[in-house]
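In the two assemblies presented below, chain A is common to both, partnered first by chain B and then by chain C.
For the complex of A and B:
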């Protein structure tokens, strides 16, 4: 006999699911941003061999479905390399790599948005490539990329819901289980959707705050 | 000494500098004239190491810009002022000037800032210390550009058409400063279209034509009928410039 009513414990489950979703999001964002930044810097230094490899990997990650990448990592890699792969590990690897690929694109265009002439001036005065990156490019690139970065992260939060397919107990998976038990899809998915919505809004809000602050700092553009 | 020896620079199949040789002694003001596209900016960009040479050699006080290990030392000895100012837009006038002294020459910040303030005051910008480039007029920007170069205490000041983006009033603001620098004995390599001004401040004038230096003469001789004016290309250039 099924118990189809909602119980207070369902709220606990939903909160746990939300916790898993946010945790996966934050961890993969941190890893993805770090890797994407490093890739962008490698490209800035035009490191031979590595730069084209990174471009290729980034292209692959951007142009194939995250779900396919997830299956490849979760089902494909363990067989190939004879390693164990937990759902959460597969999710972390896949989402980090996917975020890195898009961060890379943002970093590259942010670096390219900084006028060549200033960079040449700094180089002519003897600043090293690293000093140019740190003092000339980074401050301007950060201001430039705040908007695209926020948009990306809001999107990546939604993308985390895919990991429910390989059994990670995230918000979407909890929603699916709850739905199976209660058979009240409209209510369940509305609640789950609302939780995603609130989280995404929060990210957008924080992003907008940071962007506004950077904008004030970027008043130098004389807009 | 700044020595340019048989420098060749091409972009693809376009040879922009075709065996250029030039020596600038300390204290000299050497003006480079030539029509648009003759390679003047490219020559400046080779001297400060922005462009790689295809052949030849440039040494700045014996440091060879073509040798990666000597380029940094060579760059410390020249300071460039750019046609379009090339200021760092996210930095105040003061920080624009102090960045290279602090990062490259490892000068203490307080010292570098005190000098930058003095430089700004010397060009009449003492009240613009904390202002961003976007908030300055063209002439003011270029004065900051000059201070930025001077802050490095360069042995050789490289100036690439530093007034051609300015209207006549702002041009004279900037030229007055350059005239003073010339009087003070600053060594300058001066690319310009301001013929009359060049005539007043230069020790020597060289003429670049399609990537070749076709004359290199003391100023008076350059403007004499038997000297520079004897070259049809130079005479034609000067008469065209004077009409304009």
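For the complex of A and C:
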């Protein structure tokens, strides 16, 4: 017996898929931002050896397909190290590292966006390097990076769809299953696409709000 | 745990075949993206509000929906409406449409960056609107957007790995075959990541050279 019609339960499935997608997105973003920040700070302190290694890793992650990175972690690492790897764990590791690589670039350019004269002035007042970073650079760098960060996160949300290939039951995978069962590709993929689209727009909207708030100090006050 | 890359030597030919196909896909999709991007950029920079809205809608949707969803939409959807094309063509079409959304942004920025004086000079010389566009606006816009179009190409190369999910044996597809043949996924995917890294590095170097060559009259004289 074959159920080819849509049932109300399909909506639940789609909601579950969306939940998995958003959950993976949020978790990997949190981990990725943390790692990327640490990498950026390591570069700010010009730690020898570590800084070039981080730059190389970041370049490597940015210039290779996420799908292949996923395959390496999901199929390759268990074979090499003889450890168990679940799809969701592989997805979390890969996407976190990938996000970190891009966050690192944003952090570096945000730190560099703050003028040298400000840093020199702060140093002349006797602030330590950490105090300069914390009180002078960070507030301006955060405002500077809000725009690129939003663009990155919208992109990373779409990248999460690749984890369906290694079997994580995210929105794209649910779409693939519904497609196979109902054989109505236009309807299924339009619905799945619309859910991704709305989520992306939501992220962009929140990002724009936060950016406007952070940039309020620099806004034109009018004549 | 041991890393033995020599076991891949018998498969070099297979992987090279995949690399050739990836390059074919990338070149065809880049051409498609640029043509589509030009048309959409013209629509977005044009006078008609309806055209502007349609063009914006296209670019907005295809940048905010994951590529894998778009790909499945075409791959499973097109036969539904009686269009039977092979996976290769479907992949190139899907990549062109997705890349075109990004290319349109790039080319539009190139068009908007053209100095008004140039357009006024062209109008004063009595050139028709069509001539101004094809002979003056587009060459300048394309020339200044070589570098961002290069990143579109790199993105296309990286994204083409997703085409392995629709049975296309490009670089990633061949690697999957080699991986299941040798039972050494780690070695295969590490090499694959390196190949993609080299590929994108070569492309970005080539794009930089092209950019310098095309914009040589804008470079400051070096004595």
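Just so it is clear, the second predicted complex is superposed on the first by the 217 of 223 C-alpha atoms of A that agree within 3 Å, B and C clash if a C-alpha of one lies under 4 Å from a C-alpha of the other, contacts with A are read in each partner's own complex, and residues count from 1 in each chain.
Heads up, the rule we're going with is that a residue touches a chain if its C-beta (ideal position, glycine included) is under 8 Å from a C-beta of that chain, and two chains touch if they have at least 3 such contacts.
Worth saying up front: this structure is predicted, and the values here are computed from it rather than measured.
*Asks:* Following superposition onto chain A, is the placement of chain B relative to chain C best described as a clash or a fit?
*Replies:* By the criteria stated at the top, chain C and chain B fit after superposition, with no clash.
*Asks:* Applying the touch criterion given at the start, work out whether A:189 contacts chain B, chain C, both or neither, answering first, second, both or neither.
*Replies:* In the superposition, A:189 touches chain C alone.
*Asks:* Counting only touches as set out at the top, which of chain B and chain C does A:85 meet: first, second, both, neither?
*Replies:* neither
*Asks:* First (chain B), second (chain C), both or neither: which does A:172 touch?
*Replies:* A:172 sits against chain C, while chain B stays out of touch.
*Asks:* Comparing chain B against chain C, which has contacts with more of the residues in chain A?
*Replies:* Ranking chain B and chain C by residues of chain A touched puts C first.
*Asks:* After the superposition on chain A, what angle is formed at the C-alpha centre of chain A by the C-alpha centres of chain B and chain C, rounded to the nearest 10 degrees?
*Replies:* Spelled out: centre of chain A as vertex, angle of 100 degrees.
*Asks:* Would you check which partner chain A:162 touches, where first means chain B only, second means chain C only, and both and neither mean what they say?
*Replies:* After superposition on chain A, A:162 lies in contact with chain C alone.
*Asks:* After superposition on the shared chain, which partner residues are touched by A:208: those of chain B (first), chain C (second), both, or neither?
*Replies:* Neither: A:208 stays clear of chain B and chain C.
*Asks:* Identify the partner contact of A:64: answer first if only chain B is touched, second if only chain C is, both if each is, neither if none is.
*Replies:* second
*Asks:* Could you grab the smallest C-alpha gap between chain B and chain C in the overlay, to the nearest Å?
*Replies:* Minimum over all C-alpha pairs of chain B and chain C: 21 Å.
*Asks:* Over in the complex, which chain A residues touch chain C? Could you list them?
*Replies:* 60, 63-69, 71-72, 75-77, 79-82, 154, 157-162, 164-165, 172, 175-176, 179, 185-186, 189-190, 192-193, 196-197, 200-201
*Asks:* Spell out the part of chain C that touches chain A in their complex, as residue ranges.
*Replies:* For this pair, the touching residues of chain C are 1, 3, 61, 64-70, 72-73, 76-77, 80, 154, 158-159, 161-162, 164-165, 172, 175-176, 179, 183-190, 192-193, 196-197, 200-201.
*Asks:* Taking the touch rule as given, give the residues of chain A at its contact with chain B in the complex, in rising order.
*Replies:* 115, 117-118, 120-127, 131, 135-136, 139-140, 143, 218-222
*Asks:* Residues of chain B touching chain A in their complex?
*Replies:* Those in contact with chain A are residues 45, 48-50, 72, 75-76, 78-80, 82, 84, 86-91, 99-100, 103-104, 132-135, 148-149, 152.
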